[in-house]
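The data blocks that follow each hold one structure.
Both complexes shown next keep chain A, but they swap its partner, so chain B is in the first and chain C is in the second.
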Partner chain A sequence: MNEIPRARQLRVVACHGCGLVCEDTLDESGNARCPRCGAALRRRRPDSVARAWALLIAALILYIPANALPVMYTRLFGRGGESTIMSGVIEFWRSGSYEIALVIFIASIAVPCAKFLTIGLLLTSARRRSVRAMRERARLYRLIELFGYWSMLDVAVVAIVSALVRFQALSDIEPRIGILFFGVVVILTMLSAMSFDPRLTWDGDDE
Partner chain B sequence: MNAESERMPEPGDPPMIRRRWHVSLIWLVPAVAALIGMSMLARAWLSVGPEISVTFRTANGLQAGKTLVKFKEVTVGMVSEITLDEDGSHVVATISLDKKAENLTRADTRFWVVRPRIGTHGVSGVDTLLSGAYIGVDGGSSIVTSKRFTGLEAPPAVSGDTPGRSFVLHTDDLGSLDIGSPVYYRRVQVGRVTSSRLDEDGRRVRLQIFIDAPHDRFVTSNTRFWNASGVDVSLGADGFRLKTQSIATIVSGGIAFATPEHNPGDPISENARYVLASDQASAMAPPDGPAQYIRLCFEQPLQGLSIGAPVLFSGVNLGKVVSMTLDYDEVKRRFLTMVGIQIYPERLGRVLKKLQRPDADPQRQIAGFLSDMVAHGLRAQARSGNLLTGQLYVSIEYVPNAPKVAFDESARPLTLPTASGGLDHIQERIASIVGKIDRLPIEAIGKKLGRIVDKIDGLPFGSIGENLDTALKDMNGTLLVLDRALRQLDDQVLPETVKTLRDAQRTLDTADGMLAEDAPLRHDLTQTLREAQRAARSLRVLTDFLGRYPESLLRGRRDEHVDVPPSPAPDMPREPERN
Partner chain C sequence: MKTFSDLIVCEHCDSVYRRRPLAAGEAAQCGRCAAILYRARRYDVDHWLALTLAAAITFVIANVCPIIRIGFQGMRNDATLWDSASALAQGPITIIAAPFALSIIVLPCAQIGLLAWVLVYARAGRRAPGFAPAMRALAALRPWSMVEVCLLGILVAVVKLSHFLQVAPGAGFWAMAGLMVLITLIANRDVHRLWELTEPRPPLGAEE
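And now, the complex of A and B:
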């Protein structure tokens, strides 16, 4: 790995906006702009780790009401009930719809949790400038970026179903506050992943 | 990296401040998230209401985590758990109430399961057919709160906050009344029965009724209640009469009340007690007052007298027979019937006020009253009320020429002397009938009859017989002659007649043939008539001609005259065409 030269060694910096590689004059001027797109040039995203942590923690906090509060209100023939994410999974599992239960479980519980863990892992290892499994970590990051927004599946399902099932007396489905929290959680984790600068992963090599 | 690069120049204060500020801005996001989370938590914690347990006989329709608790159709909680109680006789539904429903934990709050119900009072809870049962709540007013409640098996008839008042009725038996049975005032439903139970001693039924405001003000101290169940059929002088409050009461019973017009009474407080009369007539009758027990001793057997038979005084129903026992008189060696009657002196009305001497003890008062009347011949009699069924009633009346009896004013119970009235009465009648028969002039009738018979005897029956005999003989001869004449007629005249008739028939047939449409005679006749017609026409032409030319008689017909007459000329050629 040491063979690959670092940007700093070459005194160049890549623009975050358009990817243009420019001469690194940040040491002299303090702030420089990309000659092509005009974006501020930075070696790394500013406060990347702190921002990612803050957003991650916010997401974690909101994940509690998202799971504790009901996400959906279903009424069939006047008999209604509110269901949380986990109760929905359990209900589907009990009624024998294992596939649906699994899909909901993966999309609403497994993926967000995995995301929390992954971002947390990336952040701690980046702060500690760990040199272990750098490639795997880089792959992990790409993975969470790819799968991140699939967590919105739940939100989409509730939105679509509550818009479609409007049969007044027969049956009704309404969204509940929990789904809002869940959507915010997903957005926050995505923002957290976005504010994490993947190049930090490789900075451990710097020494 | 960033930190490293900034450490290299002179570490100054301003960038440090800027950085710290910058950092704190992004940490605002988790702070806000925490705030929201905390607030949600606090709200959830604050909105958790009390948890209560309600016991029901069965958990039919109840479902933990699904069954709602509704107060005035507003959801105020949910059944969180259903368990059996210790001895397994009931189910205990644990209900988590909402915070706002805290006042539903008052000790007299009522819980019941709303299920579809079909009864004589209508159908209720139909909406629960689809939605499933729920638990209904009716708020109480007690200051004491409770955690344990006993659920009702049926919905309460009146919810706790309905304006109105409840009253207590006592009745001998419940009849067809039930919880929810209507209460009518002038046939308007103004309330219903809310509960019924036996008195502690089990002798009467205690009914609680609820009258809705503002109709509860019609219940006063003088109000009478009666059982309006079923149909009251009466046949009176004005015809057949059928009375009922409403069709519903025929099936399910009901109560009606009224207040006498002339005596409206005073307003009355809640839970006042009344007696439920069995019908309107007895309810509206003036109050009977205290009953007096009097014993009667009859010497004759009284089959036909039953418990409850009326006691009449001058046609007024004074009371009824309450007991009948047999007694034995050792001196006379006779069986006696002891009849206990209950009389209500109040029923005498103003008579009582006129006759009574005021006395503190009602027994003594009535004793004094009776002793006077007994001295004047007041006696009790068993009389026949209905000749068909042989039912007897007790009549208290003045009996003329009644033998004097001693009346013991101090005896308790009072014993009223009797007269063997009813049966003697019939005997008297029979005696009077016999007397009348006795008085008939049977001897005179016999004498007259004898004279008539003698006269009939004196008639000359022998000569009458002889005359009759000869007359009959003559008649016989005459009849024989007549017979012969008729036979002759039969033999000779009748065949002749038949023959004549046949000839006449034939003649008529011939005549008929002659006159027929196609008969030659008729044809000829027609021909002849036509000929005559033609001749007549020629004659007319001739006369016309002569009238115009009379000289032709003398001079003969001239040719120039021929075409002068215009009318006959065109007629001539037409003649043959017509025929």
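And now, the complex of A and C:
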């Protein structure tokens, strides 16, 4: 289909560690190491699809407590209350900080959901060796690699706010267990995206 | 084993290309998946090392100076990054202090240290002792270093608290902003071109 040669056609393999292009002797020897950096040479990331699925599903399951459980406890001037991620967004919106509400909504709700869908889509179409919209899928993968970690924003906000507000008797802000779940969800989705091998997207094009 | 230093393989789709020199500001793009293959060199090893040292200084300022100043009914509270991390460590969910401190204090520090180490040797065209593990660590750390996320987090925190307290960013905040820019300049994806820069040259006349 495409005249640009791929590594397997030229019998070469690029080192995942340092990028050096080496002769592909994996068929004969089974395992080979990069002569420059010593990393094991591999054509694809090992168990890419299975690992990415496992991490993605774990993230999806933990996303439920991350949203349902409170992420922060706030006590100001004697009034105390717990808030979840969504109620935090609503509070910002009500108080008139629309931009901040939007930023947190995008970072904590839109980006993780988009990530679940994107990784799921990449994985299923790679398994079916689909040849549809390959360029677009490659772009999607690079997008989630680029923006995925911004979901950590809420963890940073809770951490900073609760570390800063320490006026003993008057006010207190404490993190709650939900933020821990949320942080783990973000880490798992990042690991899932890293486990997925973007080269798989193009493997349906080989024949 | 044969190696081909004149070839480059797109790490997103396995397309193979022959390397060619680029003009300043140019980038080579993959014709199959449109990923960036490599960029023209923006600065040499000396500049790179100078930027790394600048990053080290900004890092120290960001850690020593208060990032935020809070006032409330005559009380004042200046908080540095270390205060924030240690306050978290004493709180009810101690464990979230660990990733927080890791992603904004420990990892940038490790990145700057490792880069300075390999660059000092790279100036002499040599590979530092422990070059391969250092390069592997730099690649592995990059996605987890989150100075920019923390910076936006501080801004959100300022807005959130400004409804009932006097809050202002301190010198540490501006140092962090500088650190964010410097880290993206020095520890980006292009780090692995250090492998090419420190490639031992064959002795003169030995080329075929």
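What we mean here is this: the second predicted complex is superposed on the first by the 206 of 207 C-alpha atoms of A that agree within 3 Å, B and C clash if a C-alpha of one lies under 4 Å from a C-alpha of the other, contacts with A are read in each partner's own complex, and residues count from 1 in each chain.
Rule of thumb we're sticking to: a residue touches a chain if its C-beta (ideal position, glycine included) is under 8 Å from a C-beta of that chain, and two chains touch if they have at least 3 such contacts.
Treat the numbers as computed from the prediction; the structure is a model and nothing was measured.
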Broader residue contact with chain A after superposition on the shared chain, chain B or chain C: C
Partner chain(s) touched by A:20 [first = chain B, second = chain C, both, neither]: second
Partner chain in contact with A:46 - chain B first, chain C second, else both or neither: first
First, second, both or neither for A:65, with chain B first and chain C second: first
Chain B versus chain C as contact partner of A:188, first or second or both or neither: first
First (chain B), second (chain C), both or neither touched by A:98: neither
Chain B versus chain C as contact partner of A:55, first or second or both or neither: first
First (chain B), second (chain C), both or neither touched by A:81: first
Touching both chain C and chain B, counted on chain A across the two superposed complexes: none
Residues on chain C engaged by chain A in the complex (per definition of touch): 1-5, 7-9, 11-17, 31-35, 68, 70, 72-73, 75, 77, 79, 83-85, 87-88, 91-93, 95-97, 99-100, 103-104, 132, 135-136, 139, 143-144, 146, 149-150, 152-154, 156-157, 159-161, 163-165, 192, 195
Complex contact set, residues of chain A against chain C: 2, 4-8, 10, 12-14, 16-23, 25, 32, 35-39, 76, 92, 95, 97, 100, 103-104, 134-135, 138-139, 141-142, 145, 149-150, 152-153, 155-167, 170-171, 174-177, 179-180, 183, 187, 190, 194, 198-199, 201-202
Complex contacts: residues of chain B adjacent to chain A: 1-2, 5, 8, 22-23, 26-27, 29-30, 32-34, 36-37, 40-41, 44, 65-66, 127, 130-132
Of chain A, residues touching chain B in the complex: 26-27, 43-44, 46-47, 50-51, 54-55, 57-59, 61-62, 64-65, 68-69, 77-79, 81, 184, 188, 200, 203, 206
